[in-house]
Amino acid sequence: MSASSNKHHLDDKAFRWITAAAASMVLIIVLGIFVELLRNSSLSMSTFGFDFLTSQKWNPAKGEFGAASSIYGTLVSTAIALIIAVPLSVVIALFLVELAPPRISAVVGQGIELLAAIPSIIYGMWGLFVLAPVLSKTVQPALGSALGGLPLFQGAPMGIGMLTAGIIIALMILPFITAVMRDVFRMVPGVVKESAYGMGATTWEVTRQVTIPYGVHGLAGAIFLGLGRAIGETMAVTFVIGNRHEISASLFAPGNSIASTLANEFTEAAEPLYRSALVELGLVLFGITFLMQIAAQLWLRRLKRKMAVAS
Amino acid sequence: MKRRSARARQLINGAVTGVSTVAALLGIGALGWIIYAVISRGAAAINWTFFTALPTPPGMPGGGLSNALLGTLYITGIAAVIGIPMGLLAGVYLAEFGQHSKLGAAVRFLSNVLMGVPSIIIGLFVYTIIVLPMGHFSGWAGGVSLAIIMLPVVARTSEDMLRLVPDSLRESALALGAPRWRTTLGVVFRAAKAGLITGIVLAVARVSGETAPLLFTALNSPYKVDSLNEPTANLTVTIFNYAMSPYEDWQTLAWGASLIIMAAVLLLTILSRLTLREKKTWS
Amino acid sequence: MLFGKRSQSRSVGTFLLVLALGITPALFGCGKGNSRARLNGAGASFPYPVYAQWAHRYHKLKGVRINYQSIGSGGGIAQIKANTVDFGASDAPLKAKDLDAAGLIQFPMVMGGVVPVINVPGVGAGKLRLSAALLTDIFLGNLKKWDDEAIVRANPGVKLPDKAINVVYRADGSGTTWIFTNYLSKISPAWKKKVGTGKAVSWPTGVGGKGNEGVAGYVKRLEGAIGYVEYAYALKNKIPHVLLQNRAGKFVAPTIETFQAAAANADWSKAPGFYMVLTDQPGAQSWPITGATFILMHKKQRDARKAKAMLQFFDWCYRYGGETARKLHYVPLPKAVVKLVQQRWRSDLRAAGKPVWK
């Protein structure tokens, strides 16, 4: 008995070690990327200093670069995408798990997973050739006449621009978030839900009070999955965002994002300063993702504390 | 909970159900629109030539994507062989051992960060560490770059799914004398199987549509794939090149290739669900 | 319960074995073409259609695999400098001192034209005449409407609508942009000062489309749009082109003949490192926005066999590729220039100290 329990002990240690090594790969890779980004952007950092973050200038011919418009575009397009995609995902996942008959749920669920496989460039083409005309002919003029007082909705309805980019990204991250949320909802043990139903709760109440709190960690994970994709999305965005290094208040105006700038300009940039500036953009994006994660962790911790108090 | 009359609660439930259904249908409708566009435009390209012929230069009819299909299979295969086991093991660590450890917290945090790194930067990273030292582009480098993209996705989704398995299951297995690894790989995995497979399928789906990393690692080639040690043909970079050309036959091929990618992921999902069902007969 | 695991691991094992067996041949490259050279090139997308056809035909003839990937001029320069490809291709030529610093030679391969295209309701192809001043004013953003006095005056007989001018440029860095902005800089000191020449510049106004296709797409869909694309794209997409005024003062249309006229008047023998820009060339028939595209190779070649194979391919293209090029709307290099190029091969390209080309 003691011999086999010793072996178990060694086995368990080895197991823990192997899995820890696998997990550490993430650490090593992220560190490696960070170091490379830092190294290759040093030229740009020493040339522009802090102004890089605030300047809107982007003049490759004269060697002047600034990240402001790209940062703005990344944040705004991601925000629009999340505002559209997250509530929609929750609702679709709810629909699939609680409301729809099992056959429909299976087929629709399948269809949603499929969308995750469509190459991002196809979303871009679809956005440019199918969605943009619809937006410019119907949706944008409607928004313009109804809410045109707000600077958000002013300007010519070209069908491309910040709003279109946000919508395309939303459609791209929707499958990811929905698929994961659906699985989270499904994994809530039937026993827990049934005891709530047994007490006379309605479907919505069970969802709100039982399912969501049980799976909040998984739901947050789903949102991060989507956020990650949204922030780094390149191909689809470059087709529809208008590619202009300029900050404008209107959602109808063209802009750009860090990822789209990289995709557009990296392969052609031959001068060292140009390349370095582009890599620095990548570093900035890295930094933004980092900061967002920190903010999210803090928020999650507060949420957990609130829930611990409530239960 | 607030005190509400039974009637009010029923009304709220009804309203939310109604809104949910409508919103769900809207969202599904938009997604269906895209699928429809891919199918309708891509179907025109699918024929025997598509699967058997090599690509021809612009303006020459009769081209197919046989090499790109094979190349994508190889490259995604390499990525899966590297990324999936590593991701699963990392997820196991995070869920089983790393809930309160410093390493666990760091890896969880950095996985989320890694998921947000644009794929083009990952491609550049692999270009620096593999392509430059090797002195040439290769299918290997392409596989590695896709594996890096898959890793955090598989790790985080498996962690989340494994954590949802109630501890009572683990404890009963351990109480029976099973070692930790048997408990995890046998019992806990089986309980979380559906979710784990979703995570894997999502990761494979995501990388099968990636273009930017392959642009810097595997590049592309119009010739047969007989070595992964040189620029390797693949569907996504081909789509990228074809979609932006002015040649209609190339554009049609681009839609066709997208349709194939979509169909392949569908097949993968169906196969994985089937093997799931098979194993259920044991328990 | 634990029995199931064994059959699971067996099926997984079998699957992995099959996968490994499938990959192994690819691993070690045991393909049939090993005795023939395999060459990799990358760079400009401008000449991609013609390079692709040349490589395809050459492969059928000689079995040599030439894999040219269109990743952009900057990419071509970067990759040849990093030695990850055998030759690079660029629309924007490198200056002699940059060539020397990197140990490269460059030579022109083929030529083509960049064409401004418009989407102005009521104005057909080849009807609108834009002088140097008008063209630059439009792209500088000084002219806001199509029925502006200056444009109307220059185009009597053309009914210009009251529509805003929407400039469309290339969002991605490109040799096409370089050629276009090079032209604008030559004809307009204001442009040169404010914007300058580059594969990517800071455009005073407009939106950016991705690739030639993106620009063509935007122009087709945005009323009042004006953009610039390679000639093949204008033709394929049937977008109306404009007439430009060349250095001799004549208004010309973009055709193979006008591209050829521009190329014929260039004096390559005086160009150091073949640095020659064909924009704004003299000659009554010359198209003002013509450009050559260049090949870049290392002076010191590592593999004599590969180097020879490369030069043999390029020689074949010069000799026999003219018809293909013309069909695709490119202009082949004049024989006199080919002679100069091959002289340069003889004098500059070495492998292990010995000249590669005799």
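The chains carry the letters A, B and C, assigned in the order they are written, with residues numbered from 1 in each.
Please note the rule applied: a residue touches a chain if its C-beta (ideal position, glycine included) is under 8 Å from a C-beta of that chain, and two chains touch if they have at least 3 such contacts.
Predicted, not measured: the structure shown is a model, and the values here were computed from it.
If you sketch which chains touch which, every chain touches every other chain without exception.
Ranked by C-beta contact pairs, the top pair of chains is A-B. Taking the mean of the C-alpha atoms as each chain's centre, chain B and chain C sit 35 Å apart.
Taking each chain's centre as the average of its CA atoms, chain A and chain B sit 16 Å apart.
The residues of chain C that reach two or more other chains are 71, 210, 214, listed in rising order. Residues of chain A found to touch two or more other chains are 263, 267. Contact with two or more other chains is made by residues 215, 243 of chain B.
On the side of chain B, the complex with chain A involves touching residues 1, 6, 9-10, 12-13, 16-17, 19-21, 23-24, 26-28, 30-35, 37-38, 85-87, 89-90, 92-94, 96-98, 103-104, 106-107, 109-122, 124-125, 128-129, 148, 151-153, 155-157, 159-161, 163-164, 166, 179-181, 184, 192, 194-195, 198-199, 201-202, 205-206, 208-212, 215, 235-236, 239-240, 243, 254-255, 258, 261-262, 264-266, 269. Touching chain B in their complex are the following residues of chain C: 1-5, 8, 16, 19, 23, 25-33, 38, 40, 42, 48-49, 52-53, 55-56, 59, 65, 67, 69-71, 82-85, 210-214, 216, 232-233, 236-237, 327-328.
Those residues of chain B that touch chain C in the shared complex are 56-60, 74, 77-78, 81, 131-132, 135-137, 139, 178, 182, 185-187, 215, 219-231, 241, 243-247, 279, 282-283. Touching chain A in their complex are the following residues of chain C: 71-75, 77-78, 164, 166, 171-174, 181, 195-203, 206-210, 214, 217-218, 221-222.
Against chain B, the residues of chain A that register as touching in their complex are 8, 11-12, 15-16, 18-27, 29-30, 32-33, 36-37, 87-89, 91-92, 94-96, 99, 108, 110-123, 125-126, 130, 171, 174-176, 178-180, 183-184, 186-187, 189, 200, 202-205, 209, 215, 217-218, 221, 224-225, 227-229, 231-235, 258-259, 262-263, 266-267, 279, 282, 285-286, 289-290, 292-294, 296-297.
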